[in-house]
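In the two complexes that follow, subunit A is the common piece, with subunit B as its partner first and subunit C second.
Up next is the complex of A and B:
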């Protein structure tokens, strides 16, 4: 957890301490302080509205102005100052229902949601998708990300890396579930836009129709702004469209999601390059009051080796992929060498295979484990016939008659880790060798093409030639100019661009409304707090992450058809059942500690709750050992662990996972619920030395009292 | 047995429940738990009159308490000096074994704190030289608290007087 303490929780604790130690003593003050305490408690439980803050401040003011003694007045002043100082954090608790420090248990977000750059409420949509409520799942996702389908196919899914289920066996297929829900709701025409605010007449110009720009346009349009997007290419979508190949992300998916954004009234001007076709002045005269730069990184880093500019056949990856995406499916050459080990390199290599290239080599200067490309993409590239040469560094591109004939490389070895643990590749002298190829595709990095943006003269640039912004608000140094996406972060992911777009939309809205910009980083919003559904412990344990079916390899090698074929209904519903619902169970470990250390029962074996050093997990063992005393449920701070009596059974469940189910016994006299036999046996075992003869009594508390108290010498009939 | 004894003169008790209310108030309890309870017996026809009697049921503070034996966490304990049986809320985890183990239903469940609560003879008051809350508020003064040897010989005196009347 973060070292920062939550200000809401610390005020809550302070007031509690004051009240329990009898401060303030005056009854009037005490009443006011307990009212403040209750309001702060609501904030910390996520049950507060915006008026709560006003009420707290009003009560504190009453205390400090009308308090009968100085201690009382000081306490009032203290609360006023404290709440005003931490106003943003209090407000964020009320609005987002999230406490990023994890100090307010009911508001602690799930690790998957914290890991998502866009802050999507993952547990909620996973649950909804599992219940077949696809449209609702999509509306939860689109509150934070207008591209659920695109992200359902190509996201780098950092959420799955943080997934707690991964500490038990394998992570939930969060990304695939998102794609599944998006496809389902799109095909049933239930993929809908929320109702936008009425038109406010103010115009915003977005430069670049990539994920960042489109996301900002979506959220601005929902707020009632008139948004126009300037796009140099003939197609919208940016790198989603011209960077990611069709076999990973079909064009229809992008088109459908962009058309949803367009239907909110967003205007797209294609084939319009900023700086040549339109200028800052011309746009300003059209009435645009704010600008968002989302131009992406469409320039490529050069290899900086001799021969790079001398021969025909050196095709940098970005223009190569763009050319293919726009419909040019000519084979670049018979033999291809792709230089680099990132996702772009994989995309270029796999595209080359599909264009008919006979040999496709990937040359990477480090080892397999250090490749930045996503593991699944590397595996799929290998399956399709891409040949990988690791620890290989290009030295020179050679050619004849103006055409490339090969690439001279040296082998490398990794240096000893430096103080940051990073290993550099060091060339091995005398290991020169030539890889004979007709085409070399450098894919070692991208940069912003800043040509045309000169008119934004106050915008600052970083050393890496990206736009310098305030990362909380995405504001540049020029007034009314914001920037997002790869142009800010350098080449990154779709979901990071989306995250920036959402922040920028919020900041642009605040700019127009004159609301102060946030100082704290944005906090993911808890969109729902859904009831969990019952899953037996055995099923929860046994379900496996689904193996997604892929297009057969022959077809993969010749067509641009989508490779990953998606989940079927059954797989998706079962996958949702595997979710541990970390939005509710915050894995504080209290239940395990009480069961093991206090009760000595050791019925809970939940090794996954230790995130860094997970131990073994066995959900089935609870049914063998648990006596259903309910101490775990009583002490659970969030209500994740529940013990309920229904249908003649006492049921213990953790976020819906039924851990134990024992038949109930009833009072012999009044029929009230007593508890299961195992619980009774446990107590009898403990008291047998005192009272060996009372083994078979099944009498409830009330009847026991009445029986022993219900005798009176003068009015009761004599006992037998 | 604790070194103290709480005696109810049933003949004087009018069932006003002041003792029960004082007990709940002192421990700041919500709806539900009654660490001490006044059990109503009757009304029954005795001769040609309806009669009701009341039995005060606090904890007996047994010599070998079931609740202490049943408690797995050591929260329920018998004080070494005076034998008062009480519960340490810091150790209690709310497993309710004490509640189920007691044949008289003395330990009670506090749903607000999720812990057991019971009659502790108001030991903080007793240590300060005061009587327990229930005894203090009793308007008919039918409750007596003290060591067994201090308890007045009410029943014997009453019996003796009745016998004397018969003569």
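Up next is the complex of A and C:
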């Protein structure tokens, strides 16, 4: 078995081959092997319970001890050894309904879930939100992420980049649905914590109350640990609180979700700087046995241009945003230049607008399409009046009387692509010009402030000045010391920090319990297997990604009110219906192949199933061509494609999307279901030379045989 | 910065960067989408976030990546 082959799938196939080829031959043995096969099948389908494994081993033991021949006994021994060797993988299938290799079709997570750094079961919560089960949706999300509301407003949503619907038209508004469900759930007081394990008496210290540290604290508290978080700032939340402005993420949202974590018994010590107010020794003497470093990246890179340190009015973005977040809303100056093209630069520029600055320029040395900031943020900044100067590189900050008066820049052009396809900004000689401003906000990058962490003397640092960890477990080189968040990745995203926090909590728990640490990154766990909505193909196609209402521009320019106003109920429910439910349909393409290649019908136009080269998708064309033969449904490995007869119709659906609906016909003689006329005609066309002639009558094959007694294709002359 | 958000890329080789870990060898040959091109500095050396088809989202060094479409 190759290292990347699923052991459950492998045993399933071996047993199937044995049974198909008549091994073992003894009836008693065949019965036992069939029973084992059925149990392994359940495991591969995510339908097994805790006792399945014991039952498999019991049956295998019976085979090896009571088998009437050597082949039978050997097979029993083989199964016993195989299952014991792959015990953990079998358990993973049973307990988490997850196949780590992705080879069990029923247990393969959807691309959106795989893309989420925190591994949230996206299709399940999208479906639950669409059903109005908001509390249940939040419960699903919080199995992997304790900040559904925060992430519903500011996540970078890599899930949407991988959303299969995006290959058809536009991706599902996954992030917005999360925010919608969280707000509904919190508003109705149904946003609840799960029941934690009993207190185990062990103490863990988290340094830094950002998303990574708080996430680890949440999952450790649920496991019964006593967690204390040391935070240098007067407020918890880290960059969520002092980096992301309030117009994107209201403080109430952060406070409410952090209070849920606190209510599990997590202690927050604010205004407490590690290395100054507390030390490693003092914390150890308090009884802390493990430490998690989640200090973030609160340092800023300098522009390294003349004048940067010489004049009042140079305000690095991180301390500037922190100051404003903590309540200082004084205007920094009349005219502001923000240097950089990332999200922090956009936040600094938009904050400056709200503080009353008359002119806000963003100076970026590359082109618009190369800006790392998110497109929505750039558009909203433009709407609010931020002026962008692309291909502009600062050369010097100038001033008078100790105050900034301008920033000298040069134009740049992009070089020809090098061998790696990279284009570099090259200064255009003679293009010097001065942008007259009284404030310059550098926003070109952040770094970890390592001051105070020297006492963790065995923790290694990378050349990027981040903490070196094993990224599977978040363990540092120092025993019982773990690290997460931006301090590890460099300035990254909230959801990546949350992912690290969850991994670290698991690793810390394993450390205390003496359980071996994982060697490979964990595979997201499917939390539910929910029924899909029934939606007509036309509606599925026509529904559009919702346009979220925004605060009017005048108010955006003067207040810190939340800009994105959220989805309404109707928008959210319809958006949920657009989901293609890729947790059920694994896009293997068997349905398309069989319809096109075997049946010659070509009724399925599902171009979205190809990741690299998606073709056109037309869900409506199926109704025009499909004969409702059911070949696609029969060959679907996951049950995504279904064909059912009810109410006098034969209905073909793909994950609830009704692709075809044809009226059934019945045998004129006995009343048996014949299938739709299109199907009947297709069959009759194919068998016209060998089947009894029944004219235009609709009769089943059995009645046809009775009616045409005496006729035999081999002895009757062919029809003209 | 050679990559932009939403761009399709291939992991075509093992990276020489210190941040490359052994388990990442399994990613070689896989395709994915850039979800966070770099931090804010446009640092050609920055680790960038890539969502791999069926293999999750990871922060990877840039020298192992190449664009597979314009």
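In the analysis below, the second predicted complex is superposed on the first by the 588 of 720 C-alpha atoms of A that agree within 3 Å, B and C clash if a C-alpha of one lies under 4 Å from a C-alpha of the other, contacts with A are read in each partner's own complex, and residues count from 1 in each chain.
Here, a residue touches a chain if its C-beta (ideal position, glycine included) is under 8 Å from a C-beta of that chain, and two chains touch if they have at least 3 such contacts.
This one's a predicted model, so the numbers in the text were calculated from it and none came from an experiment.
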*Considering only the touch criterion stated at the top, classify A:158 as touching first (subunit B), second (subunit C), both, or neither.*
second
_Looking at A:345 after the superposition, I want to know if it touches subunit B, subunit C, both of them or none. Which is it: first, second, both, neither?_
second
*Classify the contacts of A:594 with the two partner chains as first (subunit B alone), second (subunit C alone), both, or neither.*
first
*Now for A:679: first (subunit B), second (subunit C), both, or neither, which partner does it touch?*
first
*Thinking of the overlay built on chain A, is A:521 touched by subunit B (first), by subunit C (second), by both, or by neither?*
second
_A:635 in the overlay: touching subunit B, subunit C, both, or neither? Say first, second, both or neither._
first
_Quick check for you: in the superposed arrangement, does A:391 touch first (subunit B), second (subunit C), both or neither?_
neither
*A:605 contacts which: subunit B (first), subunit C (second), both, neither?*
neither
*For subunit A, which side has the bigger count of touched residues, subunit B or subunit C?*
C
*asked:* Using the touch definition from the top, list the residues of subunit C that touch subunit A in their complex.
replied: 1-2, 4-6, 8, 18-19, 21, 23, 26, 31, 33, 35-47, 49, 51, 53-59, 63, 66-68
*Which of the residues in subunit A come into contact with subunit B in the complex?*
594, 598-600, 629-631, 634-635, 674-675, 679-680, 682-683, 686-687, 689-691, 694, 697, 701-702, 704-706, 708-716
*Which positions of subunit B touch subunit A when the two form their complex?*
10, 37, 39, 41-42, 44, 46, 51-53, 55-57, 64-66, 69-70, 72-73, 91, 93-97, 99-105, 108, 114
*Please name which positions on subunit A make contact with subunit C in the complex.*
4, 102, 108, 111, 114-117, 119, 156, 158, 161-162, 301, 340-345, 365-366, 369-370, 372-375, 420-423, 443-446, 462-464, 470-472, 489-493, 496, 519-521, 523-524, 611-612
